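First, the structure itself, so that you have it in front of you.
Think of it as A, B, C and D in the order they're written, each chain with its own count starting at 1.
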Amino acid sequence: MDLATRVGAVRLANPVLAASGTFGFGPEYDGLVDVAQLGGVAVKGISPEPWRGNPPPRVWETPSGLLNSIGLQNPGVERFLSEDLPYLRDRGATVVVNIIGRTEDEYAAVARRLDGERGVQALELNISCPNIKQGGIQFGHDPAQASSVTRAVKAATALPVWVKLSPNTHNLAGMARAVAAAGADAISAINTLVGMAIDLEHRRPALGGVTGGLSGPAIRPIAVRAVWEVSQAVDIPVVGMGGIETATDVVEFLLAGASAVMVGTATFSRPNAMATIIRELPDVLARYGFDSVRAAIGAAHPGRWPA
Amino acid sequence: MPQCELRVVEHREPAPEHVELLLEAPRLAADLTPGQFAHVWTPGSLRRPISFSRATPDGRVGLLFRVVGAGTRWLAERRVGDRLDVLAPLGKGFPTPEAGPVLLVGGGVGIPPLFVAAQRWAATHPTDVVLGARTADALVMADDFRALGLDLSLTTDDGSLGERGRVTGPLARWLARTDGGQVWACGPTPMLAAVAQLVGEERPCWLAYEQRMGCGVGACLACVVPGVGGDGQPEWVRVCHDGPVFSSRRLWWAGAEGEA
Amino acid sequence: MDLATRVGAVRLANPVLAASGTFGFGPEYDGLVDVAQLGGVAVKGISPEPWRGNPPPRVWETPSGLLNSIGLQNPGVERFLSEDLPYLRDRGATVVVNIIGRTEDEYAAVARRLDGERGVQALELNISCPNIKQGGIQFGHDPAQASSVTRAVKAATALPVWVKLSPNTHNLAGMARAVAAAGADAISAINTLVGMAIDLEHRRPALGGVTGGLSGPAIRPIAVRAVWEVSQAVDIPVVGMGGIETATDVVEFLLAGASAVMVGTATFSRPNAMATIIRELPDVLARYGFDSVRAAIGAAHPGRWPA
Amino acid sequence: MPQCELRVVEHREPAPEHVELLLEAPRLAADLTPGQFAHVWTPGSLRRPISFSRATPDGRVGLLFRVVGAGTRWLAERRVGDRLDVLAPLGKGFPTPEAGPVLLVGGGVGIPPLFVAAQRWAATHPTDVVLGARTADALVMADDFRALGLDLSLTTDDGSLGERGRVTGPLARWLARTDGGQVWACGPTPMLAAVAQLVGEERPCWLAYEQRMGCGVGACLACVVPGVGGDGQPEWVRVCHDGPVFSSRRLWWAGAEGEA
């Protein structure tokens, strides 16, 4: 069974990547996950300078879901390059660097710094994280701003640029078209949905950051719809994510139009989730009549419905 | 830090709403540092962190927990022969004690990790023990400590067992009568804050912390509490990876921020 | 324990209403649910003329959730009045009529027809259903249009008007402010989120309507956040819903700022869910230190956080 | 249509991947119309509709199902003594037959409701039975029908039992050799469409349908299939409340629309 796939110019041995923010920079899962066997690793969002993030508690479980308000804590691009990147690079992992900023210039600055860095295969522009108050998020639902930041980042680097969209908008297709027109090489969908929970005992929000991002199987139907919509709205590839736990879930995303997928929350509960998925994917593809990952991409799109 | 399936070989109910599961795990039993924890799979999105409560010479480790929600309820229903999916041992435990007396201060379900410490070092270090709980019912493992030949000071909020009041009472007296030595504590965060304040900066004081966790291995940055960076400025430290045991000097005591 | 609450001028014996579209018009649950014991019943969305709805399959289960694409099939306002309303009216139920239209005029027409009808206590304007292609949905994320349709309906009836918002927008607070300024008496939040699933075996969308609305516990964190946001953005009361299954869930919505709640999907699995909630609510309120429903409303809002 | 908790008194596996649960339910056993179903609680958002497979004189009813997904897997794990939360009896079953012969045509897990019909009316109406399945393994309840003294025509797609082919073969022959009479069928929707077409408009033809359901009681409008309204125009009919058994004349055969 041929598991290989491509996201634009980036060739992947298999379609299963670790999702940004859920896998650190790799060494945390040393001994549990062999990063070289993954399709790739999207590292935690990186800003020009270190960010502190939100006060704890930062996670809260919900039905089939998880709320988080990490707030994009990260060591900044310099420490990332000197301390964190080497682990993944040395093991030959395919590395996608998720980048964040408060302004267009900050996004561009990180992109410029990473340009030409050995061991980085692509950038993933996080214009969609619901966990910071200024910056980032407003790009997430304004096509004009999203287009502009994409253009700025493209101008700053020769690396492929994947733009990660927020589902917290009614206009996902419009956002996708805007960033595709601005030169994005792929679209990642989706980031988390804005949610919250109340700690009844303490009569206040459960998360230190008050609201948080909802991930996990609870959001899978929203993610599948997003991939479906976006992959039909634009010609660039889509990297799908949201609630993937099994190889069957991966096939659902492929059929909806994803060229690759990311796995996030599932890794917390089952560190071996990605390895298991990769192992079982050939059988599941075969069960539904596919002889390769590529054959399954978009196979449920209207033009291809069986009679 | 391997992921493994461990067989339940004993199921105890040391107190109402408290369960201790003994698991067959010879390597863990031998290698474990007191204060380390297991991240245990339960149904749902997240695992549950539980400290090890004992390590026996015949290759068993214990997890002793209070049933407080869905995850611990599910764990309490595991039976002999069932297997638990655990990541362990995780985190940094208590350091090997310096010369001199050790005081162990445990509150509620903070008691179990201190028993592992007592198992490991009571023979080589003069050890005193203060255990506290809300009521007699919730004061677990006293007999285990006694079986090691240790003297215990017990406190309960309602006076139903031992001295009425908090662990800080016996702690203050121990500090007053003891030269040097070191204090190791585990319990609710407000108790740890009180312990750290009483012990002060003179003696080593090690505290085992709790925080809500995601990954349990240092990747997600969920489990932070406010610490002190190399530059003396506040920085987040991860309970799962930098802790759960911290020197009180490494923690930032300015505000209640982070005390979940 | 005092369970009484008010949604503007509408007094409710308890805060638990049946959510529109999940409870039909009452008689379907005859023998299972005593409608007079509920806080009230929001009936299926009603349009001027009968609507046919979407092709089946119309439901699909997802993790802790449910996708539906009923497509607002309904008998139209005339048959509703002659055949359906009498059951609820005769039993003294508090009736909220959910209304839908393809145009502003259609909304106003239904509102006008219901004005003064005995047995109708309020109207709920569904400007948020994701299951119809034209009409309805575009009102759901455009503050100007939402405001305009609210005004038109208010002019057509003396009944209290609750406007039901869609979570498929980044601008919930703006939507709430717009409809409040236009005279809405309350806000219902939330309707379902747009999602979809793929039927892998048939290589096509699982629902006849392709996309559908996601409901159930999966969306509860999003609903709680919506209630939190809206109840702090406007002065009119909020009726909260989305994934409520237990009395504890109800208290979470009250603390987030809801004055009453609706229960939808849970009724499918447990027809007695609402009765159980109403029975257990006093104990749960007491457990968290409240002596009435009213005392709990908004009790987790920032101004009221315990020191 | 009450909600009730029924005790499992027997657990059978009549065929691989098929389970029949017998439930203690004297009133249901007496009142049930063949073709009615139970809406059974399973974990998750929705109940599962399962037709009754038998009603015994000693007050038991059966639910016979094939394990196809999470809900039926959970049901298959129920054991004697467990209680099932069911809404039942739901829907409109087969009508009391008119005078004359009856042909029962069942496919796969469409067979069970026809057995209830045979129990009820085989004694008073000359009854023939055609049962089909993909393979011999999936052809359930043949012995039950035989125990009522009925002659069976069996078909399997692969010829592993009875005639190779579909139920439409024996059906066509029965239609050719029988004057009048009526056909009752239950099985996959394409089979029902083929049966309806063969039987035509002359004789009564009643079909037990399937559709994905929400409420199961007529409230949510999830379970519709295309029917014919009073005005001869298409209109949706609800499988849970207007059916699951419909006269073939009430159904709209124009397109495949609605054939889930």
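Convention: a residue touches a chain if its C-beta (ideal position, glycine included) is under 8 Å from a C-beta of that chain, and two chains touch if they have at least 3 such contacts.
Keep in mind that this is a model prediction, so the values were computed, not measured.
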Least hop count linking chain A to chain D through chains in contact: 2
Whole-Å gap between the CA centroids of chain A and chain B: 36
Centre-to-centre distance between chain D and chain B (centres being mean Cα positions), rounded to whole Å: 59
Chain A and chain C: spacing of chain centres that average the CA atoms, whole Å: 33
Set of chain C residues in contact with two or more other chains: 62, 64-65, 216
Contacts with two or more other chains, residues of chain D listed in rising order: none
Graph class of chain-chain contacts, one of line, ring, star, complete, other: line
Pairs of chains in contact (touch as defined earlier), listed by label: A-B, A-C, C-D
Residues of chain A touching chain B in the complex: 21-25, 28-32, 44, 52-53, 55-62, 64-66, 68, 70, 73, 208, 216, 265, 267-272
Complex contact set, residues of chain C against chain A: 62-65, 67, 140-141, 166, 168-170, 193-198, 200-205, 211-212, 214, 216-222, 224-225, 228, 243, 248, 251-252, 255-256, 288, 299-300, 304-306
List of chain D residues in touch with chain C within their complex: 1-3, 41, 44-47, 87, 211-225, 236, 241, 257-258, 260
